[in-house]
Amino acid sequence: MWSVTVFGVFIAQMSEDPREVIRLSRDWLSVQEVVDSVSSSSCGAISVFIGTTREDQVDGRKVVGLEYEAYESMVQSEFSKLCDDIRARWPSVTHVCVHHRLGWVKVGEASVVMAISSPHRHDGQLAIQHCISQLKATVPIWKKEVYDTQEASWKVNSE
Amino acid sequence: MWSVTVFGVFIAQMSEDPREVIRLSRDWLSVQEVVDSVSSSSCGAISVFIGTTREDQVDGRKVVGLEYEAYESMVQSEFSKLCDDIRARWPSVTHVCVHHRLGWVKVGEASVVMAISSPHRHDGQLAIQHCISQLKATVPIWKKEVYDTQEASWKVNSE
Amino acid sequence: MREQLLTLLLQVIVLYFAKSAELSGLKEEELVAVPTPISSEDLWGLLLQKHPRLVALQGQVVLAVHQQYVAIGDQLVTLADGDEVAVVPPLSGG
Amino acid sequence: MREQLLTLLLQVIVLYFAKSAELSGLKEEELVAVPTPISSEDLWGLLLQKHPRLVALQGQVVLAVHQQYVAIGDQLVTLADGDEVAVVPPLSGG
């Protein structure tokens, strides 16, 4: 009996270990996969944000897509700092997962999908807003907009 | 040429018609399907909320699942009012989609998935919070918690 | 110019949801000889007469008539023959 | 008690991203004879000397050393032989 109980406790702790995952991907992002990465039986709420490329006209040129690049080794360390910051502000946050595209992303496709699980929804909703704002401000990723004229321009996040 | 242009305009307007979808479902909810229902090439942001059943102990009894029911014909009219309210507060909101479970929902499964698309993320993030709060407050759906003791109790949303 | 208030008696369908269905033992029933217009309080009173156990919901319940919520009180509701009236315990969707 | 400031010369790897890679025409290069410690301003000055077009980023760029952002200024950075220094134009992820 004793060993079974110990094993049960071990499993419970395993499943509750906070997960923090960031993945850079050259392929289409699966929302379901990101959501599954944060699911937890102790959480009643999963907040998700998906950023996509808008069909846009810039100075009469049509945006056809975005080209992303990253300082990959530093993405992980900045993301860890961001997760620490999120947990300091909203200690109930359970798991955090971000998938971000690299390379060519066509208009209409998701460039980032992020999900945060929490026991109750308010913390997760505030945390997901902070997560996307801070990701844009601190994680070393860049995009250039590519136009139908073959021209391109590097973007700057305003926040 | 003229008819092609007219056709193009027609297609563009079609794709921008605001969509408002609520679906009551006895099956597993697909997050991807809800997200796809709100996607729009004019939107840079999709905000998503997923509500799941927590593994919970209530007075020493373990929650094994939830049993949902709805006043189905009134769900649609209250959801339409809710969408009107959302659009009045955040006019940039583009599409709104909610899938909600009915019947038996096991612990850990999603009972509601909702998504809102918007050109920029701030409006969508505020709108999704309002959408879940108001859905809980105004749309005629009920759940009872079912325990491992075979007992059950009807829940009351606190907000 | 005064209008005369004409009271009709008619038949409505009552829908019970959630705890009200458990208390009444019914999902749905016909209620006959219902006056109209009628205050929501009096309408609730008719339901209490038929199903005294519904008193457990007193103070928490509202009705829905023509898919509009109506608080229990002196507000008059106008019914037509065959209308649906729903008993709406506290909501718990989401 | 005064410490003597010892200046070493060593070799670092410079990584260029986004617009800085376009302006330098390079993703990566070795930079030799770099003194350490060195202010981030002087380090940026060395890069400007090699790639004058980088001046287009003046006032917007920061560096990253040991995966920490360092603003261009008089802050000293201590380098080891073979360290990575990244040129970080304004971010635009998300």
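In order of appearance the chains are A, B, C and D, and numbering begins at 1 in each one.
Quick note on the criterion: a residue touches a chain if its C-beta (ideal position, glycine included) is under 8 Å from a C-beta of that chain, and two chains touch if they have at least 3 such contacts.
These figures come from a predicted structure and were not determined experimentally.
> Distance-wise, how many Å sit between the C-alpha centres of chain A and chain B, to the nearest whole number?
21
> Compute the distance, rounded to whole Å, between the mean C-alpha positions of chain B and chain C.
A distance of 29 Å separates the two centres.
> So what's the Cα centroid distance for chain B and chain D, whole Å?
The mean C-alpha positions of chain B and chain D differ by 49 Å.
> Take the average of all CA coordinates in chain C, do the same for chain D, and state the distance between these two points in whole angstrom.
Here the centre of chain D sits 76 Å away from the centre of chain C.
> List, in ascending order, every residue of chain B touching at least 2 other chains.
51, 132
> Which category does the touching pattern between chains fall into here: line, ring, star, complete, or other?
line
> Could you list each pair of chains that touch, in label order?
Every pair of chains in contact is listed here: A-B, A-D, B-C.
> Quick check: in the complex, which residue numbers of chain C touch chain B?
Touch list, chain C to chain B: 15, 17-19, 22, 60, 64, 67, 86, 88-94.
> Quick check: in the complex, which residue numbers of chain A touch chain B?
Listed in rising order, the residues of chain A that touch chain B are 30-32, 35, 39, 41-55, 107-108, 119, 121, 125, 128-129, 132.
> Help me check something: in the complex, which residues belonging to chain A touch chain D?
The contact residues of chain A facing chain D are 51, 68-71, 73-74, 77-78, 100, 111-112, 132, 135-144, 154-157.
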